[in-house]
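Pasting in a structure now, in structure tokens, and then I'll have a few things to ask.
The chains carry the letters A, B, C and D, assigned in the order they are written, with residues numbered from 1 in each.
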Amino acid sequence: MFGRLADVAGWRERSLAETPATLFALRALLSEESPALGAALAGKGVQVAVAKAIVRGDVALAAGVEVAFLAPMSGG
Amino acid sequence: MFGRLADVAGWRERSLAETPATLFALRALLSEESPALGAALAGKGVQVAVAKAIVRGDVALAAGVEVAFLAPMSGG
Amino acid sequence: MTVRLTTEPFDPGVLLAEFSAGRAETGAVVTFTGIARASDGQVERLELEAYPGFTDTEIERIASATKARFSLHAVLIVHRHGEIAPGEAIVFVATAAAHRRAAFQAADQLMDYLKSRAPFWKKEHGPDGARWIEPTDQDMADAKRWD
Amino acid sequence: MTVRLTTEPFDPGVLLAEFSAGRAETGAVVTFTGIARASDGQVERLELEAYPGFTDTEIERIASATKARFSLHAVLIVHRHGEIAPGEAIVFVATAAAHRRAAFQAADQLMDYLKSRAPFWKKEHGPDGARWIEPTDQDMADAKRWD
């Protein structure tokens, strides 16, 4: 969880014992645990990186792969 | 004479024993001495500064005042 | 092309001295230095989060595209993350080109990109607590100019 | 606001270090460094002529107008004259502002002005002799953008 998403989640990083089969299954799991986090993850400008590459829509997740939810970015 | 005007004139700086009454009189004097210089002074982009201030058209010249003919400028 | 992420303060002058030395065919070097503002005491420190292995790769990808687009001779991007005090430099971008227009436009584009699309997350800490800084509509519009 | 004419080489890095230090309310510093190009040996040295007492006053007038137009916190212009070797800096412009757009635009405008309207006369000396460099049509058009 990056940016304000970590504040909403209350954590930055977690390992799951079992990797959900798809990104949508992971989203469903996180929403079930915390509807507030689920809503934040679906919010405007939030992007997802799987294995450090941006993905759009649903994708299959390999076992143990790193999934990052990225709040709107701002550098400089 | 600044920039290429000094090359055309063959000199950069001169003092005249008597200051012509006006800028146009000075131009006429210089043209008479050297028609090539006269033409260059009337060329595109040439500006004139009297007492270190840009002037346009004709102006009266005070005795001993500094007159500079400025070829097109380029810094940087 | 060089992209560096660092948690240590850096001196933009030292970076420009290195970047501009020995360039007999470069006519123009433009730099941008972004500095953390105190905002009259409203900001006590900035916290910048990066995603190592992702942030650097993304910036390198963009810097490389910008270098090709503007025929740059060289690009340097140095970006702080971690804790940053007011008055300290956050980001330094330098571009070298044969002519000034390319160097200016490339630096301008890189900054628009870094402000709204580079993978950093920025939090301001002040006397009234902390808040996340997200790109403004203007930042988004600025970045779109180059798409 | 500072305008300096000098016949001595200068280090743009040192100038940026001084200019950017101690700026807790400045969010953006942009610099431009113009460097004499060797053009593959076609240019052995540049000769830049200034009109002391006129050149400095004119540049100060423009820098002052630019500072007001873009609400700059500071402006620095350092310009060489005399003999300049390839690879040496000819001009250094630095602008400091609260936000990046103003700092970029101000530096861009100052350079367009210096290239086509500042009272300098520039001669290139090469193996085939010397030639005067006058502003190109593009330089003239660039400067008009700000009128």
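What we mean here is this: a residue touches a chain if its C-beta (ideal position, glycine included) is under 8 Å from a C-beta of that chain, and two chains touch if they have at least 3 such contacts.
Predicted model only: the values in this text are computed from it and were never measured.
**Q** Farthest chain from chain C, comparing Cα centres?
**A** B
**Q** Please report how many Å separate the Cα centroid of chain A from that of chain C, as a whole number.
**A** Each chain reduced to its C-alpha mean, chain A and chain C end up 27 Å apart.
**Q** In angstrom, rounded to a whole number, how far apart do the mean CA points of chain A and chain D lie?
**A** 49
**Q** Indicate the whole-number Å distance between the mean C-alpha point of chain A and the mean C-alpha point of chain B.
**A** Roughly 74 Å separates the two chain centres.
**Q** Two or more other chains in contact with one residue: find those residues in chain D.
**A** Each of 34, 100, 111, 115 in chain D touches at least two other chains.
**Q** Give me the residue numbers in chain A that touch at least two other chains, ranges are fine.
**A** In chain A, the residues touching two or more other chains are 76.
**Q** Considering every pair of chains, which are in touch?
**A** Listed by label, chains in contact pair as A-C, B-D, C-D.
**Q** Tell me, which parts of chain C touch chain D in their complex?
**A** Its residues touching chain D are 11-18, 20, 22-35, 37-40, 86-87, 89, 98, 100-101, 103-104, 107-108, 111, 115, 142.
**Q** Any idea which chain D residues touch chain B in the complex?
**A** 34, 48-49, 51, 53-54, 57, 79, 90-91, 111, 114-122, 132-135, 139
**Q** Any idea which chain A residues touch chain C in the complex?
**A** So the residues of chain A in touch with chain C come to 2-4, 7, 45, 49, 52, 68, 70-76.
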